[in-house]
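My questions all concern the structure below.
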Amino acid sequence: MYLGKVIGSVVATKKDEAMKGHKLLMVRPLLVDENKPSQLNPSSNTIICVDTLGAGEGELVMLAQGGSARKAEGLGPLPIDAAIIGLVDAVNILGEQAYKVNNS
Amino acid sequence: MYLGKVIGSVVATKKDEAMKGHKLLMVRPLLVDENKPSQLNPSSNTIICVDTLGAGEGELVMLAQGGSARKAEGLGPLPIDAAIIGLVDAVNILGEQAYKVNNS
Amino acid sequence: MYLGKVIGSVVATKKDEAMKGHKLLMVRPLLVDENKPSQLNPSSNTIICVDTLGAGEGELVMLAQGGSARKAEGLGPLPIDAAIIGLVDAVNILGEQAYKVNNS
Amino acid sequence: MYLGKVIGSVVATKKDEAMKGHKLLMVRPLLVDENKPSQLNPSSNTIICVDTLGAGEGELVMLAQGGSARKAEGLGPLPIDAAIIGLVDAVNILGEQAYKVNNS
Amino acid sequence: MYLGKVIGSVVATKKDEAMKGHKLLMVRPLLVDENKPSQLNPSSNTIICVDTLGAGEGELVMLAQGGSARKAEGLGPLPIDAAIIGLVDAVNILGEQAYKVNNS
């Protein structure tokens, strides 16, 4: 899976029947910085993910790609190749805290 | 899934039997600009997608890749790895409208 | 799927039993030129595809990758991740004819 | 599969129900150096893998991606696309020992 | 599938139960040279493949990736995403012999 940051959303009225009622979020995968691995940088990619967990803009999520996305709860019949399967609370890299959600 | 822009079409008379009667469109995936994420740029890739939704040249679509493409309605028996599964009305990135369909 | 150009062939005598009797072609995927989209350029990739349609060297084909390749007629039991599923007659990009087969 | 080096971990409290109780590790795939193949370098990628083998930070592992990750023992129902399927003891490249685990 | 060159091997004692007894080889995929397509160059990638055909170091092989690797004989239950499915005897590119195995 990839870490990803939610940066927006997509509206598509005309779509495959099984997609109706599902939220579509734009997500940028995050990779560790090659020189300073505890820093997370957005990759050049942009992926539309189905979201069933209520992720919000700016939040870090974990996303699954390929047929595995259809194994997420309630997504079995959808023709999708990407879904958010977790909301990230913290990322620890080489003993440093690379990310911690702000719940204040 | 990827956002994509329809740029053309492919004609193939001799093909796998299950492909007969299906429209084949050339689609360029779109990624957010690294410096200005609300701007969408075509990637260097070019993907042939099966279309069942009636997408037209120049329109923005959502495409699914891999085995998930065969989960789109009516495409189960096709040996395909890419299909258009939605026509995009709007894309919102970081509070800005990155795309809005022109229905006028 | 990708557009591809057949550039050669592979001979492998010792192989998985299910592969026996199947033709193996070397194919280079084609992408649209970023500056002049009606021009098709070979990508840096080279893929071995199973061919059941009789594609010849120099011809343009449509290829499917991943498990979808096994959905092509007669290829179900093969341990393959790429197959030619169509012989391309024409490609139209942004109103221009990017390719037309020469049947003369 | 890829060789990978464990560099950290991810905590996600709100996640797909099937993910509960599974350890999530950050892994950087390793590739051979183009000029000196017996040297292993981290790639620019960063993958979250489910771990059932007890891998520790700094260790070399073998990871499977895509639907194959769900074939690892106990991971069938998870919506995952990456799992650690082996802890690496040694890697031999062109007659040289590129890696050997330190069990002292 | 990709052409690949066997460059080494991996030893992993602690691994998924289904992996026990299977040989793991390090393989570098080969691509045609962009300027001289009859020349094969190693790509920057390095893939661990399960081998059931007895490939040796330095030999050219054909490898399948993704779930298709599990369709190779005897590999159905393994959580793998790459397997060697053929030992390559010859590769012909644009009328030239790009590779021929040395059986002398």
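Each chain gets a letter, A, B, C, D and E, in the order it is written, and its residues are counted from 1.
By definition in this document, contacts are C-beta pairs under 8 Å (C-beta built on N, C-alpha and C of every residue); 3 or more make two chains touch, one makes a residue touch a chain.
If you're wondering where the values come from, they're calculated on a predicted model, not measured in any experiment.
Colleague: Expressed in steps between touching chains, what is the minimal separation of chain A and chain E?
Modeller: 2
Colleague: By the touch criterion stated at the start, how many steps lie between chain B and chain C on the shortest route?
Modeller: Counted as steps through touching chains, the separation is 1.
Colleague: How many Å are there between the centre of chain B and the centre of chain D, using C-alpha atoms for each centre?
Modeller: Going by mean C-alpha positions, chain B sits 33 Å from chain D.
Colleague: Give, as an integer number of Å, the spacing between the C-alpha centres of chain B and chain A.
Modeller: 20
Colleague: Check each residue of chain D and list the ones that touch at least two other chains.
Modeller: 66-67, 69-70 - these are the residues of chain D that touch more than one other chain.
Colleague: A student should be able to answer this: under the defined touch rule, what is the ring order from chain D, with chain E coming next?
Modeller: D, E, C, B, A
Colleague: Can you list the residues on chain E that touch chain C in the complex?
Modeller: Residue positions touching the partner: 1-3, 30-32, 34, 37, 53, 62, 64-73, 75, 83, 85-95, 98.
Colleague: For chain E, which residues count as touching chain D in their complex?
Modeller: Within the complex, chain E touches chain D at residues 7-19, 24, 26, 28, 42, 44-49, 57, 66-67, 69-70, 77-82.
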